[in-house]
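What follows are several structures.
In what comes next, subunit A is part of two complexes: it sits with subunit B in the first one and with subunit C in the second one.
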Partner chain A sequence: MKLEIDNILINDIRLSDETKIEKGVLYVNPAELRAQLLEDPHIRDVAIDIARPGESVRIIPVKDVIEPRVKIEGPGGVFPGMVSKVTTVGSGITRVLKGAAVVTAGRVAGFQEGIIDMAGVGAAYTPFSQTCNLVLDFSPAEGLSAHEYERSLRMAGLKAAAALGEAGKDAEPDEVVVYESLDLMEGAKQFPDLPRVGYVLMLQSQGLLHDTYVYGVDMKQSLTTLLHPTEAMDGAIVSGNCVSACDKNTTYHHQNNPVIQDLFEAHGKTLNFAAMILTNENVYLADKERSSDWAAKLAEYLALDGLIITQEGFGNPDTDLVMNCRKIEATGIPTVLITNEYAGRDGTSQSLADADPAADAVISAGNANQLVTLPKMDKIIGSQAYVDRLAGGFADNVLADGSIVVELQAVTGSTNELGFGCLSAR
Partner chain B sequence: MPVVHICTVTPISMTVGANRIVPAVAIPHPLGNPALPPEEEKQVRRKILTTALEALSTEVELQTIFPVK
Partner chain C sequence: MNKLKVVHYINQFYAGIGGEDKADYMPELREGAIGPGTAFAAGYGEQAEITHTIVCGDSYFNEHTEEAVKTILAIIHLCKPDLFLAGPAFNAGRYGVACATICDAVRQVYDIPVLTGMYKENPGADMYKDMLLITATGGSAASMREAIAKMIPLSLKLARGDAIGASAEEGYLPNGVRVNFFEKERGSKRAVDMLLKKMAGKDFETEYPMPDYDRVPPNPAVIDLSKAKIALVTSGGIVPKGNPDHIESSSASKYGEYSIEGLRGLSADTHETAHGGYDPLYANQDANRVLPVDIMREFEAQGLIGKLHNTYYATVGNGTAVKSAKAYAAEFSQKLRADGVEAVILTST
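And now, the complex of A and B:
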């Protein structure tokens, strides 16, 4: 399966009477987009705004971040099973508006949503201070349940990203990158002397607004399964999460998973990127046992020599992580884990809720409990009214000078467990 | 004094060092199952509780998980 990613480099977004790309600028017709999003009766209103790198702007509370894209060749469309028909993606050509992002925000669906600061201290902790963001600030219809609202917000973000992506059809790409994964037999023959390395992507699937969708399927309803890495890169996985902002994988993270990109980079040089396993993080112990059994079984079945495992979220998913590690290691296949830590504000507490001697190679994406003071911003998109109630916030955390104190937990993408960031710990 | 830990994620219960562990239903609803009709759910709840009481009155040498029958 071969996927060509055509990047159109976007360095600004401006509102206009036409949605188009010209000389690296994405022009958006807000009236047209607004009308399209308001077709959903669950959405009472949406305000469209722009946040650019370096501007004194805070976006709060942030639900999801999505990269605008369009499929111009090959089967399927963007976000299959959600926005497009449920056709297998991961081959052909996909155009990416690189440098642009859609950010969904507004009244919280769950109380675990995040902060993106475009300038100041906070900007260094979130990757989305570096993208030009089209921010959709939603107001829900009256009487909507949290689940209905989450679904509407999720779909609106995806629809908006798809709508903006359409502008990529008429633009020239600035760079082209090709990714290819072969079938099992050919892949094994291609680099027979290199270690066969696989990737286990754990997806948040605890329910209660902690969900991830694969081709439209709620991942908690799936057994552990296989996916071509290029499918993951091509929008097959979308976030429906309202979990702690620091370590949830937004849809943007799934579209740009650095573990997959780096494994492709190393493919044929130091390793043979052989397979990708997709698993969940459910709330029943039987599910945890079954899913981790399957991860180990598939790893063995695929004759892998090593596996990278990434977690999403924290708390009881630490057990899924450790179970995956322990069971895969028991088959004789070494693992490396990527996770983050909740080690207390002083960093001295136990980092994970579970542990095992088999977990002897762990990469930390930082301590989510670390406190950070975010300076007052000139402009707030959304509402700062919930800042004490976000996960990572606490009572009276707005200081006299207007700055706010939060744990890194509240900053979108700050301790991302795919390693999509700069934080680590030793 | 003996203590029973009723817990959904028993591996964490093991990690934190509980001696008598009884598996619960699920993290959002450890002691019940809202998917069941009330009468059946009552049976589930009763079984978990009686297992816990049995565990409480059982001598253990090592960390022990008492499966709910």
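And now, the complex of A and C:
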């Protein structure tokens, strides 16, 4: 399966009376976009704003981040099973508005979370301080249940990203990257001497407000399964996860999964990127046992020589991570895990809720409990009213000078367990 | 800036006095830098000066530790350095133990910044790495230059009270304190590189060594439930409505102690969850789903259990460090015991 990614480099977003791309600037017609989003009766209102790298702007609370894209050749459309029909994606040509992102914000369902600072100390911890963000600050309709609201917010972000992506149809790409995943037989034939490497992507699926969707299917209802890496890169996986800003995988992370990118980078040189296994992180023990059994079984069935396993979230999913590792290692296949740590504010606690001697190769994405002081920003998009109740916040955490103190947990993408960033701990 | 005053501790071998035959050499104070100290002095340049060197035989130190420490502390009292250096000892066992022991003593008694260096398998490292910063060195003096190059910047930071980065950045032996820092490569790339090494059977270093996991064996069964006083404890965040103690939705800094005296059960009017790691809707509708007061009261009325303890303890498990959770439980377990509770039903989420 061969996917061509055409990047149109976006260096600014401006509001305009027409949605278009000109000389690296994405112009957005807010009235048109707003009307489109308000077609959903669950959304009472949406304020549209822009946050650019380096500006003294804080976006809070953040739900999801999505990269605007459009499919211009090949089967399927953007976000299959959600926005487009469920047709298999991962081949043909997809245009990406690289450097732009849609950020959904406003009061989110359940507990509040997610901070993106575009400048200051916080900016170093979130990758979305580097993107030009079109921020959608939503207000829900009255009397909506948390779950209905979550769904509406999730869909609105995807719809907005798809709508902006359309502007890519008439623009010229600045760079072209081609990714190709071979079928198992062809891969073995082309690279007989390279180790066959797989990737186990664990998706958050603990239940309402903690879900991930694959081609529109709620992942907690799926058995562990296989996917072409290019499908994952082409919008097959979207986030419905509202919990733990630092280590949840936003839709943007799924679209730009760094493990897939780096395995493709090494593919044909030092390894053969043979397969990708998708598994879940359900709450019931029977589900955990079954899913990890299947991950190990598929790894063995595909005759893999090594696997990278990435986690989403923390605590309960630590057990899924350790089970996957232990069972895959028991088949004789070496693994490397990517996780983050909850070592306490002073860094002296045990970092994970589970452990096993088989997990002898671990990449750390940093200690999420570490405190960080975020300076006062000139402008707040959304509301800072919940800052003491964010996951990672605590009582009286607003200082006299207007700066706020939070655990890194509150910063979107700060300890991402796909290895998206450079933060680590020792 | 004034030159920092440094006192350096070395053994008889590095002082050029002799080998094993001179290992019973008693502590001695010399002016200026000697042996490896000259390389430190060159590296410090104008920033610091090795004013004195203390020489002591390895056998003497290890066989007369108390006297040796006492003598050296007396010397330190006279010299009043800004920084105390020892070694590096590489994989020399008795030298390593001496360096670490004297560093720890100087740190404790005078609160002077200290630094030593040694190989990770040196017994001195094993004994002291969680108490002191110890620069990780190679196994032999062949790595002297490299060791000193790491010790100089770290020792200056310590002497000046600057923030110390993670072990991987500063080159000290991991000491159990996890410190964040930015790596040069992103995590995914590091994972690919580590996997290639692991598959090829080459050496690699995990970024998080797995701890020995603390598994707790369950207590023996309660023999007669109908006479037992039973308490409820939860990490599911059930608190009186309004969360009076402001227990955090994640990474709880405390636990709550709440009365359920006279309550036949919990309700949406009286209780809610503070936990931010699961969908709070169903717990907020009916908190008995997480903290089963209603069913316990029924059991109490039917005589299935002796009594439901009228106080329950609650915290939020979400993102809470294991060490914190352990500390809370250690404290309220004593209260439960003092109140004559014989068994606890522990609910999570």
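Keep in mind that, in the parts below, the second predicted complex is superposed on the first by the 425 of 426 C-alpha atoms of A that agree within 3 Å, B and C clash if a C-alpha of one lies under 4 Å from a C-alpha of the other, contacts with A are read in each partner's own complex, and residues count from 1 in each chain.
Just so it is clear, a contact is a pair of C-beta atoms (placed from the backbone, for glycine too) under 8 Å apart; a residue touches a chain by one contact, two chains touch by 3 or more.
Values in this document were obtained by computation on a predicted structure and should not be read as measured data.
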Q. Once subunit A from each complex is brought into register, does subunit C clash with subunit B or fit beside it?
A. clash
Q) First (subunit B), second (subunit C), both or neither: which does A:His267 touch? A) neither
Q. Is A:Gly207 touching the first partner subunit B, the second partner subunit C, both, or neither of them?
A. both
Q: Look at A:Lys71 in the shared chain and tell me whether it touches subunit B only, subunit C only, both, or neither; answer first, second, both or neither.
A: neither
Q. Which one hits more subunit A residues, subunit B or subunit C?
A. C
(Q) If we overlay the two complexes on their shared chain A, which of subunit B and subunit C does A:His253 touch? Say first, second, both or neither. (A) neither
Q: Answer with first, second, both or neither: which of subunit B and subunit C does A:Gly366 touch in the superposed model?
A: second
Q. So, A:Val243: does it touch subunit B (first), subunit C (second), both, or neither?
A. second
Q: In the overlay, answer first, second, both or neither for which of subunit B and subunit C A:Leu390 touches.
A: second
Q: State whether A:Asp354 touches subunit B only (first), subunit C only (second), both chains, or neither.
A: both
**Q.** Interface residues of subunit A shared between complexes with subunit B and subunit C
**A.** 206-208, 316, 353-355
Q. Taking the complex as given, what residues does subunit A use to touch subunit B?
A. 206-208, 283-285, 288, 316, 318-319, 322-323, 353-355
Q: Please give the residue numbers of subunit A that touch subunit C in the complex, ascending.
A: 110-111, 113, 124, 145-147, 195, 197, 206-210, 243-244, 258-259, 261-263, 265-266, 270-271, 305-308, 314-316, 334-336, 338-339, 341-357, 359-370, 388-395, 407-409, 416-426
Q.
Please output the residues of subunit B touching subunit A within their complex, sorted ascending.
A. 8-12, 15, 23, 25-28
Q: State the interface residues of subunit C toward subunit A in the complex, per the touch definition above.
A: 166-169, 174, 176-192, 194-196, 198-199, 204, 206-214, 246, 248-251, 253, 276-281, 317-324
